[in-house]
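Below are the structure tokens for one structure; questions will follow.
Should a chain be cited, it is by its letter among A, B, C and D, assigned in written order, with residues numbered from 1 in that chain.
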Amino acid sequence: MDEKETGRLEAFSDGVFAVAITLLVLNIKVPEPDKLLSDANLWKALFTQWPTLAAFVTSFFTIGIMWLNHHRVFTLIKRTDTSLIMINLVLLLIIVFIPVPTELLAEYLLRFDLHTAAIIYAGTFLLMASAFNILWRYASYQGRLLGKHVNMHLVRSINRQFAFGPLLYLICFGLAWFNTPVSLFFGLALALFFAVPGSSLRLLMKREEITDRENNKNDR
Amino acid sequence: MDEKETGRLEAFSDGVFAVAITLLVLNIKVPEPDKLLSDANLWKALFTQWPTLAAFVTSFFTIGIMWLNHHRVFTLIKRTDTSLIMINLVLLLIIVFIPVPTELLAEYLLRFDLHTAAIIYAGTFLLMASAFNILWRYASYQGRLLGKHVNMHLVRSINRQFAFGPLLYLICFGLAWFNTPVSLFFGLALALFFAVPGSSLRLLMKREEITDRENNKNDR
Amino acid sequence: MDEKETGRLEAFSDGVFAVAITLLVLNIKVPEPDKLLSDANLWKALFTQWPTLAAFVTSFFTIGIMWLNHHRVFTLIKRTDTSLIMINLVLLLIIVFIPVPTELLAEYLLRFDLHTAAIIYAGTFLLMASAFNILWRYASYQGRLLGKHVNMHLVRSINRQFAFGPLLYLICFGLAWFNTPVSLFFGLALALFFAVPGSSLRLLMKREEITDRENNKNDR
Amino acid sequence: MDEKETGRLEAFSDGVFAVAITLLVLNIKVPEPDKLLSDANLWKALFTQWPTLAAFVTSFFTIGIMWLNHHRVFTLIKRTDTSLIMINLVLLLIIVFIPVPTELLAEYLLRFDLHTAAIIYAGTFLLMASAFNILWRYASYQGRLLGKHVNMHLVRSINRQFAFGPLLYLICFGLAWFNTPVSLFFGLALALFFAVPGSSLRLLMKREEITDRENNKNDR
């Protein structure tokens, strides 16, 4: 029963992640052919779109790796309650909103004197990282919604790892007030960075799995 | 066999919910950079979009919590028939339609003398709440599509709880004729309110689960 | 192994159905507030959109009930092969295309002298019904991709029922050459009609299920 | 545990494939009724859209059959790791991007002197085929992420088959520099071609399945 509940929450979240990540492409506008008379002009028109592409790629990996970590965390979370569902909804609200600051950033990336777009962009990522942190901390506090025999050592080590998330996005947010391209590049680097620690996290999760299984045996 | 049927109905519904909730973001338009020459102007342009954001957030939570209750109800509904599928399709039709009144409301939220947009917005929610009620009542009438050993006490208590849905949205609809922002705020409050009763509902569902399991044991 | 294959084919198809049915809403345009100075004008502007709504509702139920029948047929189809997947892709191509004729029809519904839009709309439905028929006939021919102990009596009775699909859509297509609104109304009636026969179809399917289960017992 | 992980990766990928394939339809624009006064004009306006339709159909089958091969490969891949998830994200990034070159190609298909659009279109497919190849080779290298008793003979035969993918798309890419329509037609032919070899591939996979099952028996 519990598993089935998490199952449908994950399925719904997966759906929202998948749609949001795909909708990002709607921001990329194709230059109209009437104004371009040659291949050279088309190449030029396309190259001027590189800020759109840079914002698209950064947001794509940010959402994609947010999904990945969401997925990882839900291998440990076994039960749900109303609060978890609400925190998850807030996280999804931020994910769904990402195409808006992405478009904004793309339009203002080359206006080096203006930083509003970058601030909103990095601010959205900061909110996302915070919501994800709250989700994990709520679920893992005293093992509330985790498996029965969860290793609290593991939980604390994940807590330490995850605490970096909002912190690093806070730096990204700070950078946005001074330099838009650097902040964007830092955001992309963060997305890729959060994909990697998984290897150690998963090692821990696998160890946890084994302990869990052994405990289950002992229970019988 | 029965479960698999409900399974694919739920999967399809989840998909529609996920796409509809994500499409809401398409209503949010980014101000064009050509007309704005400074950060101050961009902030101003963004702040004038707060009605769009308010409508977006309200619709997001309304659809999200409608999904949540849809999901809850389908932990009790075990079988499907053509009528249930049709009622569910009507419910999904209303869900899919929500981005339209959302955009309408956003455009007219600050025209305090005009109420058409708010009436259509609240009216759509009223229809949604009614369709959901009909779905539950159809499925639960004499335990038609529920599990075999369902506790009719529980069904009646859910019935009482769910009867508030259309009633409260009727008030929201009534408010729309007089004051658009109050009606929108009331709609958001309703969405959050319908997330909460779940805790008691789920307690009941869990008790039901146990009874169900015990009955199954006795059958064998 | 076989089941898992059908499982993912169904999941992908469900996803496409869910997105296509939700994208229909993008056809509905909200009247711009600048041109409307009163509630009366807004109501009027909205009422002139009824052809868009009529086309939206018809296409919504057509896709929704196509999904329903797709789902029903795949409770009988147990295996897949390349041809089935290709026929299914062609069916999905037509489903995905539906928003285009829907928008076209909405724009031309009230031009009683012009029938091109209605012809394309009804023609798309005719193609859809034909592709679905081919899918079923390919899968069921000599029980090719069905369960092992499938009742060929049942298959033939479904064949007879399904033969009406393209035939009735052919009538709808014929009507489109003369009268657009009548053709649209007939299309909506067809969608609802194809939801109903399910009850008898499912009775047959259930009987089949039981036979299947008994045969399985005998095999052991 | 491992299977569940692949399960959610596949579900997320299926979602992205389903949304991307459906978003292709947004490229098809409906001619505005105000400029057309007769059925003959509408037919003419629609016929001038055949490049859009040709690009739509080609991209639809390319994504659809990419999904099919993704699905086939994941019947052999049983485990995931961070690298596989990242390669898969890159593949999805390319899939999600496809509507952009599709729209570009549609607009430039009849400008026989301009080849930029076709080069970008075929180049995107070349990247897609390469990413898919890398995904498979990474997963299958020394049986890294495959089932325990996987037949390395089979893996090598798939390797040989898959090596054609990037090669053939390289030819398609080369053609794009000289003749846009030929390149598009070749791209469609490739999509259909990659659907077919599946029959032999699946024969191999089935044989593999049986070996796998027998090995499992011997283990016990």
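Of note:
To be clear about the criterion, contacts are C-beta pairs under 8 Å (C-beta built on N, C-alpha and C of every residue); 3 or more make two chains touch, one makes a residue touch a chain.
In this text the structure is predicted, and so the values were computed from the model without any measurement.
Ranked by separation of Cα centres from chain D, the top chain is B.
Two copies of one chain, chain B and chain C, touch each other, and the residues they use overlap weakly: the shared fraction of interface numbers falls below half.
Between chain A and chain C, the centres computed from C-alpha atoms are 36 Å apart.
For this pair, chain C with chain D, the centres built from the Cα atoms lie 26 Å apart. Looking at chain D, residues 11, 15, 18-19, 23, 26 sit in touch with two or more other chains. The touching residues of chain A, when paired with chain B in their complex, are 1, 4-5, 8-9, 11-12, 15-16, 18-20, 23, 26, 81-82, 85-86, 89, 92-93, 96-97, 99-100, 103-104, 107-108, 111, 114-117, 120.
Within the complex formed with chain D, the chain A residues making contact are 10-11, 14-15, 17-19, 21-26, 28, 30, 32-33, 38-39, 42-43, 46, 56-57, 60-61, 64-65, 67-68, 71, 75, 195-196, 198-199, 202, 209.
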